[in-house]
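Input: one structure, supplied below.
Chain nomenclature is as follows: A, B, C, D and E, assigned in order of appearance, with residue numbering initiated at 1 for each chain independently.
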Amino acid sequence: MLQWALDALLGLGLLWLAWCALMSPNLLKAIVLFVAFGLLMALAWVRLDAPDIALAEAAIGAGLTGALLLAALARLRFAYADEETVGSPAQEEAKVRFPQWLPAVPLLLVVAGLGYVVLSLPPYATGLSTEVTANLESSGVSNPVTAVLLNFRGYDTLLELVVLLVALLGVWSLDGLALGRETAPGPVLDTLSRFLTPVFILVAAYLLWVGAHAPGGAFQAGSVLGAAGVLLLLAGWRFRAGLTELPLRLVLVAGPGAFVIVALVTMLMEGQLLEYSPEQASILILFLETTATFSIGATLAALFFGGRPQDDKEHT
Amino acid sequence: MIPSDYLSVALLIAGAIFFLAGTLGLLRFPDVYTRLHALTKADNVGLGLIVMGLVVQAESWAAVGKLLLIWVLVLLAGASVAHLVARGALQRGIRLWKR
Amino acid sequence: MNWNAWIPLLVVASSLLPGLVIFSLAEERVRLRSTLNLAGALVKLALVGWMLWGVYHGRHYETRLALLPDLELVLRAGPLSLLFVTLSSVLWLVTTVYAIGYLEGSPHRSRFFGFFSLCVSATVGVALSGNLISFLLFYELLTLSTYPLIVHRGTEVARRAGHSYLVYTIFGGALLLLGTVWLYTLTGTLEFTPQGFLNSLGEEHHPALIVIFALMIAGLGVKAALVPLHGWLPQAMVAPAPVSALLHAVAVVKAGVFGIVRVVYEVFGVSFAAELGVTGPLAWLAATTIIYGSLRALFQDDLKRRLAFCTVSQLSYIVLGVAIAGPIATIGGVVHLVHQGLMKIALFFCAGNLAETLGIHKVSEMNGVGRRMPWTMAAFTIGAFGMMGAPPIAGFISKWYLGLGALEAGQEWVILVLAGSSLLNAAYFLPILHRAWFQEPPETWPEERKFGRKETAWALLLPPVITALMALGAGMLASAPFSPLGWAQLIAQREFYQP
Amino acid sequence: MGTVITKIPWGVLLILLPLMGGMACFLWPRIAKILGLVLTFVGVLSVVGLGWQIMSNGVYHHAVGGWGAPLGINLYADGLSLLMLAITALVGFGISVYSSGYFERQHSTRFWPLWLLVLAALNALFLSNDIFNLYVTLEVMGLAAVALAALTGSRDALSGAMRYLLANLLGSLSYLFGVALLYHGFGSVDITTLAVQVKGSPTTWAALGLIGAGLVLKTALFPLHFWLPPAHASAPAPVSALLSALVVKASFYILLRLWLEIFGPLGGDVDTLFGVLGAVAVLWGSLQALRQTRLKLLVAYSTVAQIGYLFLAFPLAMSAGVMAWNAAVYLALSHALAKAAMFLATGNMLRFGGHDRIADLDRVVQRLPLTATAFALAGVSIMGLPPSGGFIGKWLLLEVALAQGQWGLVVIIVLGGLLAAGYVFKVLGQAFTQAAVMHESRAVPASMEWAALLLAFGAILLGFLATPVLSLVGIGSPFGAHEVMP
Amino acid sequence: MSTVFLYALVGVVLFSLGLYALIVHAHLLRKILAINVMGSGVFLVLVALAKRTGEDTPDPVPHAMVITGIVVAVSATALALTLMLKLTAETGNAELPEDSRE
């Protein structure tokens, strides 16, 4: 009963936060509420026995997305500040285009319909869990989620890393506004980032290693690395001249690149794309996860940075 | 319930009270600086008490270590963020509240 | 390897390939271009001659290429096809000579001759098509390749004429397509067959067949300039004279008429069409067009427009011959396909000469032109008398057979139409001749170009004279074995009325 | 020789090569152009290899990871996939050749990696047999396409791309929701497995609604086409070609595939709905195209209309499955070639004249004859006039519609062709005349003119290849399951 | 009602809330937020229903899918935000212009 009440409270809390985030008249508030919503989602994932997702959500969904949104808002306001007319907060108000209830009516029907459909599903269904359990032995890892991500459906993960790369290519090709350095970061942030970076790296390494048999893995580790990058960027750290070109790009491509190469090699050796022999599976997975972690971390940090990084002397 | 459980409960409740006080301060205090003061002070102690309450329940020294690490990290982050917020407010020219 | 299977394709290719090469030629390579054109025309003529001889002796020439799983692109040389192919090939040669002279020094000639060759290929394709889908294919190709020729001059008037041409023909093409597909869903075949292939369809399909017939006639009637679908033709006269001559007197409009002949005789079968009761309305439509075209021609001062309305009227003689639905009328209609082409192209050549040499575009400017350009006007006179139906020129033969055929079929009213239209023909041609021969020439011509002692350039002079002589010859030697009339009789015997 | 060709895993190469190429172009921008050209050409060869394989061994299967469905992901290629791959390779090569002349240095380094990744995603999509994997490929393709559409950074391009991105994301989420329902309802994301498992139930219908809506949005079927004209019209020419020719076809392909395998027999009246929307799209898109004064917008609206044609096959497929689908596939293929050619030709005219106002086209026929020819030939196929691929597709569609007495559709098909003629000749008519405004013209590289021309020529050539193409599409009988339906 | 269906229903409502906000709002940042909320809704449905195995361990396949989905979502968000910023720099307004072409 207590459990149920907790779940109900959590569910209602999610809905309420989402509603507030979406309808708040103030954009900053909306984003902060959205981050809170993300954290509550992480809690929901825990309640649903999905600790892997909880970690990913907390790090990526709430953390990095929140950072991206806040940075975007800051740049948006900075852009507005240039012009007299758009400086007013009216710009950001939750402007509504037509009677608000108009789309609400069909959407209520959608809710009712989909709700009915969801409830009509059988209360018990194993999905693919039996197949996963049966083959977990030969997958090379004992965390079933990692097994699915890196082995059973590793091809999806390969393409997913490509999605991340594509997003970065897109951001760079748009000449996004690079993160400026308007104010000096100050000693506190500087010290904090210096102190925390090793901790982040340690945590990332731990998550990466532990992912084989417990919640964690490349995405979680990568996003922790990414968070470290964000902190460093905020503290004023920049890529050193000479590293922004090929070396940086190599790190960004390492994850999907390694994946593709492994895919090719396994195909040549075993006959099928990404078919690992059971003996080598765990080491291959670790290799893929390591490269993926670096790439994910670097890509997320680069996404936060915005524009294509340039050598410091050019960057004014 | 064994004695250590009573200790946990006491510590947790104490922690919760600190959180409550901190939140109350956040809501009721007049300006950003005083609010920061209430929030960080109370929450840091509150979290410490809760961590202590959980340490009592911990099953291994590793778990104790992790719990303490959380506290330390939050202390660090909280202090730094409070500093940054206050500095930002000062730079934007927000005045200190005076009676 | 059976070469006979490729000859029809070669006939099409003999103008298509030079055309494609010509597109890529630089503007100033006049000699190479002319050589290519003439060589293509001669090769085509030779191939056609070969097939004529072969078909006369009962050989088959047929090319089949897969187009759709159950439909093929068929090019087949039958007597009817050859009639049209021969006409087009001969006239293409003549017109090419004329065009080389006419366009000398004007811009965009590569483009012009390229599209010109495409048009001829499409026309020959239309003639040789052995089934409806092939016919449709070349018919649309003809539409598309004519458009650039109409807008060739790039003026606003030309653009509007092209626009109007497209509105009519694309719409017609769509109707024809609709009719064809519909027919295909009913029969599962589209192969042109003597006496048609629809006899076996049951009663219940007859209403659908009548609609299909209407769709097809409407689609073809656009190019055949049946009233009220003729609107584009007079406007299209903005095109250069060789275009008006070959395409709007012969190729394009004949493609429409030829299609009607095919549909009536080899899709529906003339007796089945009569049974459906669709030939009567078609005959009335043709008669209306004949009279309407002549009446409109009467009031045109622009020479080419007058000739265009004359074309509208004359084309329907052929349709009328078909719609009367008797063997003799058929001969009259089919032979007029050739006769009208010869006479009308001569007339257009002459009109082009007047415009090119003296800058004359209007009938009212033609006073005394016969003295300045006697050869041209002599050819014009032959053509004009032929149109009126005066013996011994080819037009007389056509009208004679049409009249006989109408009497044979018991449709006397047709005689009245023929007589009326002949009177009208005389009414709009005789004044021209009178002006040209018996009026005093003006002091100066609108825009005269000198050609030494000749009245005009050889390339411009020879084609009208030759075609006029051919029209004369077709009439005088009508009883010879390979004359148009002889061939039309062969067609009527072999294809339509064989037991 | 033959055995070597049949042993090489062409299908996998089609995915991996452009993927690696995209990354390599990102790493070493200097070789991007050469690498892109070489790899797209190798793509053409690979499709030929795959075709050989499929023709000699039957449909192509590849169990990624060696697991096989339902646990793993299967790659699958039958005749339908093969044709889509082939058209992607051909149009892709054309786009590559064109782009090698089109882009300046800065844009070139940005274009090639994204373009190769789109190509990889397209190939992966056509080869996938797994609805979740399809979602991921859709996302790779969608995000890269958005980035490409915004490449010029102009105001129009940015707002077009933004609209496109939002539509894309909404479509993807809707699709993903449908995938979630299917997985939880029937325990698999493998299409073949689902085809057996799925029964008519509220879950199925909801999944159909969500997946259908998502894919229809991505395919830009009326009334969800709003994002297409601005995005396609403001992108650089090769990108417009890519988006109109291939990207919208990809989501249509998924819809078709899922309809054939999973939803068709359970779809109820959805096919009628698709038909009606398709019909309205044909008319609306054509009329809008006629109204445009800018060439690129005209061509973009023409895409809206031509997409409508593809959906006309749905109501007709009830009783004449194979024929109707053949028609749709044929139309899709020829539209891909023709529309790519048209956008590329438009790009040439735009570069040449510096604008794309239709009324001010300045004697394009004389000054850019190859481009004008390309536009005209592509127009022939779009109008559905013979001889062209478009004609064959329209013929098949008309035949089915007439055989079933669907007079409404017959009228729409014919009318759509007439309207198409209207907007194509609206452009060509101006191309002969001299513009009132004189302008400085800019040279157009030969590679750009020839790329457009050859693609257009391909669309015409398709008019003569119906028999082989239709026998290819029959491999593995993708439409076969439907034939026995009453 | 079990936890599974509770969360699944919350997911459905989140999806619809997001959709509603996406339609109603003009500001692009809000649209991007709305898309993210919609995504969370779908993810919640996927994962909640995975708990129906009747055992302690839920079905891991949807979990893997959701992790993929989260990464896709953050990628799309980053791209969308950059586009929004560039568009704002061009138009001075973080909204989609009504059709601005002549």
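Quick note on the criterion: a contact is a pair of C-beta atoms (placed from the backbone, for glycine too) under 8 Å apart; a residue touches a chain by one contact, two chains touch by 3 or more.
Everything numeric in this text was worked out from a predicted model, so none of it was measured.
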Intersection of contact partners for subunit B and subunit C: none
Most central chain, judged by mean C-alpha position against the global CA mean: D
Winner on C-beta contact pairs when A-B is weighed against C-D: C-D
Furthest chain, CA centroid comparison against subunit B: C
Computed distance of Cα centres, subunit D from subunit C, in Å: 43
Distance between chain centroids, defined by C-alpha means - subunit A, subunit C (Å): 73
Separation of mean Cα positions, subunit E and subunit D [Å, integer]: 27
Subunit B and subunit D: spacing of chain centres that average the CA atoms, whole Å: 58
Of all residues in subunit C, the ones touching two or more other chains: none
Where subunit E touches two or more other chains, by residue: 15, 19, 45, 49-50, 52, 61-62, 65, 68, 72, 75-76, 79, 83-84, 86
Per-residue overlap in subunit D, given as positions that touch at least 2 other chains: 132, 136, 139, 143, 146-147, 150, 153, 177, 181, 183-184
In contact (per the touch rule at the top): chain pairs: A-B, A-D, A-E, C-D, D-E
List of subunit A residues in touch with subunit E within their complex: 3-4, 7-8, 11, 14-15, 18-19, 21-23, 27, 30-31, 34, 37-38, 41, 44-45, 47-50, 52-53, 56-57, 60-61, 64-65, 68-69, 72-73, 75-76, 79-80, 83, 85-86, 91-92, 94-97, 100, 103-104, 107-108, 110-111, 114-115, 118-119, 121-129, 132-133, 144-145, 147-149, 152-153, 156-157, 160, 163-164, 166-168, 170-171, 174-177, 219, 296, 300, 303-304, 306
Residues of subunit A touching subunit D in the complex: 113-114, 116-118, 120-121, 125-128, 131-132, 135, 151-156, 159-160, 162-163, 165-167, 169-170, 172-175, 246, 249-250, 252-253, 256-257, 260, 263-264, 267, 270-276
In the complex, subunit D residues that touch subunit A: 9, 12, 16, 19-20, 23, 26-28, 62-67, 70-73, 75, 110, 113-114, 117, 120-121, 124, 132-133, 136-137, 139-140, 143-144, 146-147, 150-151, 153, 177, 181, 183-185, 187-188, 201-203, 205-206
Touch list for subunit D against partner subunit C, complex: 363, 365-366, 369, 373, 376, 380, 383, 385-387, 391-392, 395-396, 398-399, 402-403, 410, 414, 417-418, 421, 425, 428-430, 432-434, 463-464, 466-467, 470-471
Footprint of subunit E on subunit D - complex, ascending: 132, 136, 139, 143, 146-147, 150, 153-156, 158-159, 161-163, 165-166, 169-170, 173, 176-177, 180-181, 183-184, 230, 293-294, 297
